[in-house]
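Residue numbering begins at 1 within each chain, and the chains themselves are lettered A, B, C and D in the order written.
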């Protein structure tokens, strides 16, 4: 099994967290999947991912006090494996787990993903529950001080105990039975706990053992650049920042992260900038809101994700998607840049502006053709400004603009002149342009 | 209730940890208490303290793998209060707890102490057990990420919940019923967790609420000198180093700690240098051994504890005490220095030698008499050396040696000349002298 | 020589920094000294201290860019010893140094102090200048990477070279010739550089060697509480915070520092809370201003300094002192508390209020009399509030208030009732009361 | 000017530091250059680099006390630019600088490099020396607290002052006049000081301004992986560890560094593993010695540098090179791997063994041929062991070994069987094999 064949281009989909937090139920998931199948699938969107605590029945019942209620009962089988709460996911009744829901999503031509927490349920350890295909009990592999700092559900497992791998094997065997295509494992990517590195390897082996092509996504960030090889050997995407929300400062910070990780975007390997907080979000707690990002900021975000080639997971509640946002997410020219086969590179980054480059070999079958150049220009200033690329300052551009006299801006479709290797755009505050030349 | 009246001189006693670790049972405690009553009590030794995990029945069953076996059953009442394991403490049967054992120890003219861990049992939180005199359950006050780094038994409690104080009140009410005189609370002194400061205050209030004079001892160290006032307002002794064992480097390090804490020794308040690892120790794990300290090092330790006025808790298994060690622990002249009313002070500390001073007002009823001076000389070198005090270099000594021509060394009883305010002793490697002048 | 006899009560004086920064000249100093002699001396104020860079002729010439102009010429003798800039201090002409100015200040019945920087001038090292009474040159003892983080004048010296002590001896010999009574050494107290501990010892020995009673003051803070013994063995006062200015948050923070250091106030030893930024200050840079502290905040500051017994160094330009501020600084009852022989203690500290206690044995010659109790109440809230002391909660007060029915508030002279061991005051926002009972 | 054209393959040469430290003189350099021209040049070795403090005349005169004598005179022109000490480099007499020596080295068909320290001489700042083409003096741009932690010569410069760039321009203009081909700038790569990032950019611009193709090498490490883009935009090589010497642990650690930096080896950009401490080294201080590395360790080092494609700078005194070492450095097959156009990748790294891969497209002109595979196997164990590559575990190898039945080990020339995609070698303790398949 070659994990680098699971996701040859950046995964595109929807994740329940930004809108539903811990409260998504079967109807919520189905409605979002149906919207995706109808309106987004043809543009490449395909993953439907249920985020955190689908095994918990309390939902957001006490969310004035807790995001995750501690010590509550969670649906779990006799082998310490968490199951969907049947009250929230009725199709899971009778021990069928997520299989019926996955089947439905597959029937729409989409793929199905779930979120898990690193480790084994605390309650399984305290109750001495079993582990499939072993005579070991959960308390023997769960480490009592190996906890998640922000969620009370699990204990990390002891990598020196063979049963720890077997536990991970057992949950992925179950996920494979269900038909899961994508697993986002949380509390692992930034390696808060000493066992996390080995637990990443265990996850990868569990996927190999289960025999199903399951994309492995690691959270939360910031991932450690020193451990890039570890992520690349074992996973498909890894979060390079902490949770990303609709805040301009966080978006500015993402440019720094993308600089650092730019050499690590290869087929099957994607530094992950987190969900796209667009449209209606935050439905779960303080009340639904529209994204705080301006339209220009959203274009900046989409342009950065596209040129950098980050996985795109929509945060909005899809059935409520407005027309403007839907178009933002379905610009074929922009998504073409996301799916280019080459690695992009940053040409300029100051606290005022950023410029990125990618290229595409556009030779036709007879070998005739030339290299298409994609330039993303970003204006980080709080006011409108001209952002200019002087190609002669960048050896990487040598020859690439020869003989070219115009560019197409992919968001507007407008033509922009290119003169003596200089490319310019007047950009609004926090705005961007994505040029094809 | 005035906590500073509980222990007007440094507490002296025996603690089960250095020999028995987690395995002490009722017979072990009784034998040690009986030895103390017979041989040591007349010198001032009085506390018999059962250290960690008396509520656990597993003892040291798996001590090749764990010191503290996680997720094991612990004896606990319906109010989330831990109880002595009846298999180990038969007299606790029938819900009598430690009362029968405490009664027996009191009958010997001694005092009874126990060790507790900060917080509430994890299992009580997971089981939603009750809290005495409230309608609150343990899960409502236990914080899931507020753990001890080295012991898996407890969760810390949320100081903002009134029931947290009521839980501490409930356990001290039980200890008062049992007749406990001394509580050593662990996982609290060095403030590893953010709630620890407030939990120290809760412990103090719980003792005030229970109405019994219970000495409060905080562990483990190193205590934070910046928080000295907190310790002094709320406890009687607090550990100023991590666990102390029979290692010369650890003993050298103690001189540094005593320097730092010297102004904080007052009636009812004792910076704590931990147990005296003398005689037979380590019976619980790798097999019983004699202390690794040389006799000179033991004299150095006892001299430092005495002049600094640290609590003295014997680590040895008392019934096996050899003659030399027994004499070490029962030198009336040395223990007189321990019990002086004044604060001592460090005069010299280099990496080669250390000198301390204390004084005693020896006026008789008619006001006639003079100040008795106590000087402790320490040789930290690895070879024999003369250690000399030049009184004229220390303003603190002005006038104190006037007219004095000799001193008595309290370990040997020998007379040492004092000439022109110079006091000298030839000390063996790692040795000490304690002079009365 | 016994350093603890130099300053039996907290030093009181004026320091040029808060108003003049690096610009004070001879006239400035004389005018302030004359004011002190005329108006303040009778209340105990006596030290006149010239702060940083009296050896520099550039004053604050470039203060838009630098506080301390690097690589400028400094007045220096052939032995690498800095001298007053003669342009600023004309009486220093002819190699007389500060002697004429010191003589003048002594003639007013006052004492004379100067500020120095740790180490030896950088320029002396680069020029290979000599060191008095040695054949060593400055480059041989100056450590090139041992610098001050905020001032460019000096290199620290190598404590392993005997000439380093001789250099410190040589400067203190000069200061003794001049008649200096007080030296504030900067860049040393918080031990930023590894040699600073040994340089503190060298300073102390240099004072002993020079034969003059010179008070040694160490800056800047925060001093390290772990090194209290070092400060106490070698100096008279040490800064327990970084530079203190007229900012309420900084004053609130001082309560925390005073708690930590309360056991270290003894004759000749004073944790130092820095200058009193009252009256006209900041004359040197942005333009003169009145203190930003409200009157209530100034009373709080003076009350804290008095009860804690901190050195008092006025920051104001004295000739411009207004009537209210002059009275603030010359309240005999308050200054009596500053000069009490006993150590005070903190009774309460929360983020809302603070209470301190000191006592005075007021027995007359026949032994008749009782203990006078001083209570300082502080209201840290941003609004008026009653602050109440419940004596029964504080064992330290046992018996002290027996039979007492009223107190005198020392700032207002008003009488306050004391009833059943409860003392209360209505305090304005950020205000204080100082009660004699 | 395109910096990425300066060094299309990893620079290969000799550096004076490992043998001569600060003492190399003109004869030393000439002898080493002559040896290189005669024996090594034909294998690709070409750079002759004079390392630190060629401007100092004191050489290693006081090396029992200092490596770098502080505050000594250094040869410097009126524009604050350091010059070769004429006593050590006689051909520099008359202000000719390094031009005559560079000319001589060029006449041998070699390239000439020098070492510099970040910043401007401290003494130039203290003396207020000039800066070429400006009316600014050194004191105006030198920052007094911006120092090197381990060398006393320089102050860093203020990037906000335009004259700082002009100073860097002025020294590179001089180096271009001399004919310098390679500059190793020290105290800059690991960004110890806040200005270092901007000083890297200033160095790059100074090279562009000088108009000569000068390879820029940054020291010391460890470089920060987060700043890879900065290094790549501005320099040609950057040190990824601190100074590397002949110590096995340091070599083991280099595998970790190479893993981290593997994606950053591109034409003109080389993560730098430091000099090769082979042959006779350490001539300068404790007396000349042979490398402490075993022969197997040297093979491991050369194999790692080759497969990773690190710059190779010989540390040995070349005229004393023994036959074995000379062969080690002149294995054409191994050096072919160093000069491959592709990036290599790590396949395996544990604490016991490491495996790396590179490939070469060996198609002939007609497009016939296949990919040549290079595999480096490393045994980190302290005993002989078989190291085995299972190709099927590495998707990167898919198809690459198809139909291949043997490999050639490039150090021994021996043939090794390849069977069913498994490649094995029996390796001595700390040994390596480099296979061409």
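Rule of thumb we're sticking to: contacts are C-beta pairs under 8 Å (C-beta built on N, C-alpha and C of every residue); 3 or more make two chains touch, one makes a residue touch a chain.
None of these values were measured; they are calculated from a predicted model.
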item	value
Chains touching both subunit C and subunit D	none
Label of the chain whose CA centroid is most distant from the centroid of subunit C	A
Centre-of-Cα separation between subunit D and subunit B, whole angstrom	58
Euclidean distance of C-alpha centroids - subunit A vs subunit D, Å	40
Centroid distance [mean C-alpha coordinates] between subunit B and subunit A, Å	54
Overlap residues in subunit D, where contacts from two or more other chains coincide	none
Chain contact graph, described as a line, ring, star, complete graph or other shape	ring
Parts of subunit A lying in touch with subunit D, wherever the complex brings them together	2-5, 225-226, 228-229, 259-260, 262-264, 346, 349, 395, 398
Complex interface listing, subunit C residues touching subunit D	70-71, 122-123, 125-126, 128, 139, 142, 144-145, 147-150, 152
